[in-house]
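Worksheet: the structure to be examined is printed underneath.
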Amino acid sequence: MADRGDRRDMSVIRAEALRKTFGGGAVVAVDDADFTVREGEFISLVGPSGCGKSTLLRMVAGLLDRSAGTLSIHGRDVTGPNPAVAMMFQKPTLLDWRTAIENVLLPSEIGGRVTDDDRRKAMGLLRLAGLEDFAFSFPSQLSGGMQQRVALARLLQTGADILLLDEPFGALDEFTREHLNVELMRIVGEVGATTLFVTHNIGEAIFLADRVFVMTPRPGRIAGIVEVPFERPRRPSLQQSAEFNALVSKVRATFETETTAGEDA
Amino acid sequence: MADRGDRRDMSVIRAEALRKTFGGGAVVAVDDADFTVREGEFISLVGPSGCGKSTLLRMVAGLLDRSAGTLSIHGRDVTGPNPAVAMMFQKPTLLDWRTAIENVLLPSEIGGRVTDDDRRKAMGLLRLAGLEDFAFSFPSQLSGGMQQRVALARLLQTGADILLLDEPFGALDEFTREHLNVELMRIVGEVGATTLFVTHNIGEAIFLADRVFVMTPRPGRIAGIVEVPFERPRRPSLQQSAEFNALVSKVRATFETETTAGEDA
Amino acid sequence: QDTTTINAVMPKQRSANYFPLIVGEALGYFEEEGIEVNLLPSDTPIPFVNFLRNGQADIAMLDSAEVLQAIAAGVDLNVIYEVMQTAPDGIAISGDSSITDVEELAGETVGLVSDRDRVTMQIALDARGMTEDDVTTVVVGEAGPTLAAAFRDQTVAAIAGSGPDWLAIQANGIPVKLITPEEVSNKPGNTFAVMASTLEEKGDAIEGYLRAWSKGMYVAEVDPEVVAQIARTAVPEEWEDPEFGQQYLNNAIRLNVSVTETLGGLNTETWSAIQPGMQKFGLIDEQVEPDRFLQPGPVEAANDFDRAEVEEEVAAWREANM
Amino acid sequence: MSDEGDLGAVAAKGRTRGIVARHAGILVALVAAWEISCRMGWLDPLFFPYPSAILLGFWRLYITQGNIWPHLGLTMLEVLVGFLAGSALGIALAVCVGMSDRLRRYLKPYVVVLEATPRIAIGPVIIAAFGFGWTSKTAIVMLVCFFAPFVNTLNGIVGVEPEKQSMFRSMGASKVQTFTKLLWPSALPEISAGLRLAMASALGGALVAEFIASNAGLGVLITQYTGTLNMASAFVCVLTLSALGYFIFRGMEELDRIVVFWSDGDRTDAMSRRRKAAWRAKMGTTS
Amino acid sequence: MGHLAIRLVPVIKHLLVFAGLIALWELAAATGVIDVILLPEPHKIAASIWELYVENRTIYRHFIITFYEAFAGFLVGGVLGLALAVGSSLNDSFRRYVSPYAILLNVTPGLALTPIVIAWFGFGYSSKIALGAIVCFFPVFVNTLLALTRTDEDTLEMFRSMGASRAQVFWKLRVPAALPMIFAGFKIAITTALVGAVVAEFSQATAGIGVLMQRLSFSLNMSAAIAALLSMSLLGLILFSLIEILDDRVVFWRRTERMDAVGRRRRARWSVTDAATPGEPQGRKNLT
């Protein structure tokens, strides 16, 4: 690669001393977060419930104004939603009155007129998600996992190169989840998108990520960053390896020093 | 132990060629299941979504009539709900208008008059669940994990010696879930109950069980039974051990030969 | 020529009750005057006078209490025609009742067709030296069946109301007797009233309206059968039971046809006589000179038609239609 | 607002022939009991005319005289226009209010007060204000039809999941797009329930308006008949109203099933097939 | 103090908006945009309110009468609706035979029924109560029926697994679970009952706010008539609030403060001789 400018060019998301408070400063949701995400990187964000993961993501998506600090995407200050950034939520948030394909086409519709190219792309994404046969089913006719895959296809239909995923598979059973993780990794790899992925599940976080950001409970700080050295493509069996388990233990440790064991939020 | 009668005495639940169909035979939910559960044993039941785990449990609870085969508990044929069997569901199903302690007392109320002994027992169970301080809180004032612990206390209040749990912690985040698993194991061990535990999570299944039953997708058959050799009491760190991971791989293998990868119901 | 629309507010829709209107329309009398009548039937609790004031209506059929209240409230109202001279307010009892005089009502329950008939009852009682406290009152409402049942079953000893209220009941064969004291019967009947300003602006049309009305009224004197035939086509609803229809019409004719020399003639004396009673019972604050609101001019114009011509027309119509 | 639709659905579920027969049996028995009661003098024919007389009345009003038709037509017109205008206004206002928090805050007290006022009592005031023409009658029906759609639409719009709204924002959707593609369809089931409630009361509103001031309409016919103590014919009008109301109610339920197709499994399947065919037809020609 | 000031700000804003609207109305009346004969100016209405409520106090009697009619109508209609809904929820064929007639009764305008109702119940208050009951029956019936039949399947299964009897399921599960929706029905019903009472008063009554309003408007006292109309709104608000307060008490498990209060009371009543009653939780654990 040519040395165009300095390394900064490579960083897609940059946050410095990022801070978000609610209720006039009463609740500090995110405190003093510093991080950069490089182009094409896959970042997992883990932390206990209520530590500010969603808040952080929503700031990056431009859905929430920050209280202090700087936050830029592709070097430009974040002031509102940005077509280069797309977000996926824990719940599939599909529209009940649209078929799967129509749901996938929603971003194109919002962007302007829907062309046949958009339609072909949408169908292709559904195929990628293994849902070609269900393109004309309505959400209520799909299982939870299928719905999430539709939502994933919709996310990719936006054409955004930065993907934010907020516990997208939290509500699914482990098998479906594992399968979707593999799919996600493959698709994201193909598209070459930069990804921020929030999860509760440490194994999942490590399995998917290039780096894992561990957050502390209120006020949410980024307490540690764990590099994941495994080669890609990764196979599910990786999760039974000793190295993998060592890494899980390491993240867990970063975690448990911060969290009082076993208290639920 | 004295050799009272033959081994049959030890088996609490016996199923032979058990079968359940829905829709006049159109859907075979459980097919030809054969198994026995011994006194005080902890069985985990894993299998993909829709394979018939819940159906199996509901037959054992006497909530659903079987279509064919035999099913007996303590040697007696199952024909309906049985006070020796108690069931817990994925949702806590607490009554919103009752305080935690009143929810725990529900089984006693349904059984007849509530005595002071019942009250003492209920309070004791809440203490066991770490919820003594919340005895007079209402469900909506409790977190999801706390609600599940109340449901667990209610389950034990029934005094049943056979406990059926259908993905009781499926809706909780991993940390809470892990904590409750340890609690469950401890409490069940203390009470000495025979337990059938349904889960999606293989790690959890192995961690808790004496034996793991693996089911195949439609028609639901018991494809394999995996013995779990680990000593009790077990500690969470067990899950990082190599033996544990080997066992996970083994269960997963039983599984993957049966399941077409990643298809959800 | 172009026609003028007269908006007329009256308590009910077209009916044998207003046969001069339907006869006048059938025989083309209104048309001859270049008038089209737009009937605005409205429930009595609505203050008709307000519609005269804001110009939504040109002419209203009012009872004497309404007229006096409006005058008292400072409305520049003119009474120009007495429509139903023999339909004054009164006290009625069931035909089977043994009561013969208002005196005997002491301690009984007296029904009021509507809250406004209270004054009628008060004046009637006053004529016998009694007050409202000597009886129990209950409003029975204007709905036909309830009123009829009240008569038939004698759930109340007597009912205060006005002539048209008993029309249907009598026609249905439920006997009704009147025990109205003299003092009350001397009340003016229903009148046509207009705003003074309307009379200035649309005087001709109003006079034409009254003339057509008078001619319609006169037809009943000439040939009641023609009226019946006209009513039958105009309001078939009232003739589903022909016997009832005829009875009903007969009663209506009795109430409508003027007893004064001129059709619709105004009677200054009754307007003075009625006022002390109304003042006593608080309906009006002070008495008003009848000359201030009685406007006899239009009555003259209304009677200005050739009766022989009407008789001929009726005969011709009979020839053609019966 | 309660969702009355489900009750109808409950009733509709059992629409097999046997049940219809049994219902008819019960109805005949009731009518017979009524007739006998009248003949035995237990019921007062002044208030409960002979069923046989009512039947004859139907024959008379609908066939031989045929005089009910114009009145029926006018009442239905008033109901229709008032309902359409009132619910359109209610929905439109709710949309404005639903999109603006501030407007909602300031409007709420007035809505609460108006809602607590018996609408019928405002009838005479409206006639007084709007005069005798069709406007006043339409205005009364409108007023009666305004609230249920207003309240339900507002609830529907305000109740849209915040996550879905965030999703639209993150896609950079405009206010109009958010409304047409998210808020409106999400609120549709509730709006439809509100419309059903409004329709049920529209009939009552028209009747009141006609009672107060009118030349024609079923309300006028009823006053005319009760005024002349022709109770059998009056009952024909009332029963006509009931039947009208019943069919409108059922019709609205049917409409709900069509519009809110995604809450019904069979309809969803059908719609799914239709969309697929449409896609095939379109994409087949272009690619 | 500063806290109070903050809470007052919205109130003041509302009052300002209100004052602005009134001023606009006055202006419209002064410039003739609004016909003051039909819709008098606010200050005249205010004067009439003063007169009705303070000077000659004629309104209270009517107010109380209509209140009584509407409330009694609500009670009768509510009990009827509840009873039929319970019957329908327990027995399918009962429901099938009852619901078409219930719908029919609902879609028949109450006004058309007044003569019949008066015939049966006479000229007194009972006919107003009866009409109120007839028109308010349906919302209670529908909501109760839906609520009783739509009990959460999982909870139902839990009761069955405990071997609960039908009566136990009904009293311990179906009824309390249905309460919030039943009260929603009550809230609709009580204003409907007021409408019924007023309608009956319009067509036949000796006293009541409906009568008062007719009397006032007939004597061309439009400002007082509108004051009476506003009193009807007030009456509606009072009736509605009564149900709302009751709702808040009975369905206490929706609001944290009420739950805390009830929880404390139940803790105090907890009577087990030797088990020490646990104290207040030290430092509330953080709940989300």
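Worth pointing out:
Should a chain be cited, it is by its letter among A, B, C, D and E, assigned in written order, with residues numbered from 1 in that chain.
Basically, a contact is a pair of C-beta atoms (placed from the backbone, for glycine too) under 8 Å apart; a residue touches a chain by one contact, two chains touch by 3 or more.
Only a predicted model underlies this, so the values are computations on that prediction, with no experimental measurement involved.
When C-beta pairs in contact are tallied for every pair of chains, the largest tally goes to D-E. Among the remaining chains, the Cα-based centre furthest from that of chain D is the centre of B.
Measuring from the averaged C-alpha position of chain A to that of chain C gives a distance of 84 Å.
Put simply, the C-alpha centre of chain B and that of chain C have 87 angstrom between them.
Rounded to whole angstrom units, the spacing between the C-alpha centres of chain B and chain E is 47. Residue positions of chain D with contacts to 2 or more other chains are 44, 46-47, 124, 128, 211, 226.
Chain contacts: chain A has residues 49, 265 touching two or more partner chains. Each of residues 45-47, 50, 143-145, 149 in chain C touches at least two other chains. The touching residues of chain A, counted against chain D in their complex, run 58, 61-63, 81-83, 85-87, 89-91, 93, 95-97, 99, 101-102, 106-107, 109-111, 116, 119-120, 135-141, 158.
Taken in their complex, chain D has these residues touching chain C: 44, 46-47, 60, 65, 67, 124, 127-128, 131-132, 211-216, 220-221, 223-231, 233.
Within the complex formed with chain E, the residues of chain C that make contact are 44-47, 49-50, 53-54, 69-70, 73, 75, 111-112, 115-116, 137-146, 149, 155. Touching chain A in their complex are the following residues of chain B: 48-49, 143-146, 170, 172-176, 178-179, 200-202, 240, 242, 245-246, 248-249, 259, 261-262, 264-265.
The part of chain D that touches chain A in the complex is made up of residues 161, 163-164, 166-174, 177, 181-182, 185-186, 188, 261-262, 265, 268-269, 271-273, 275-276, 279, 283, 286-287.
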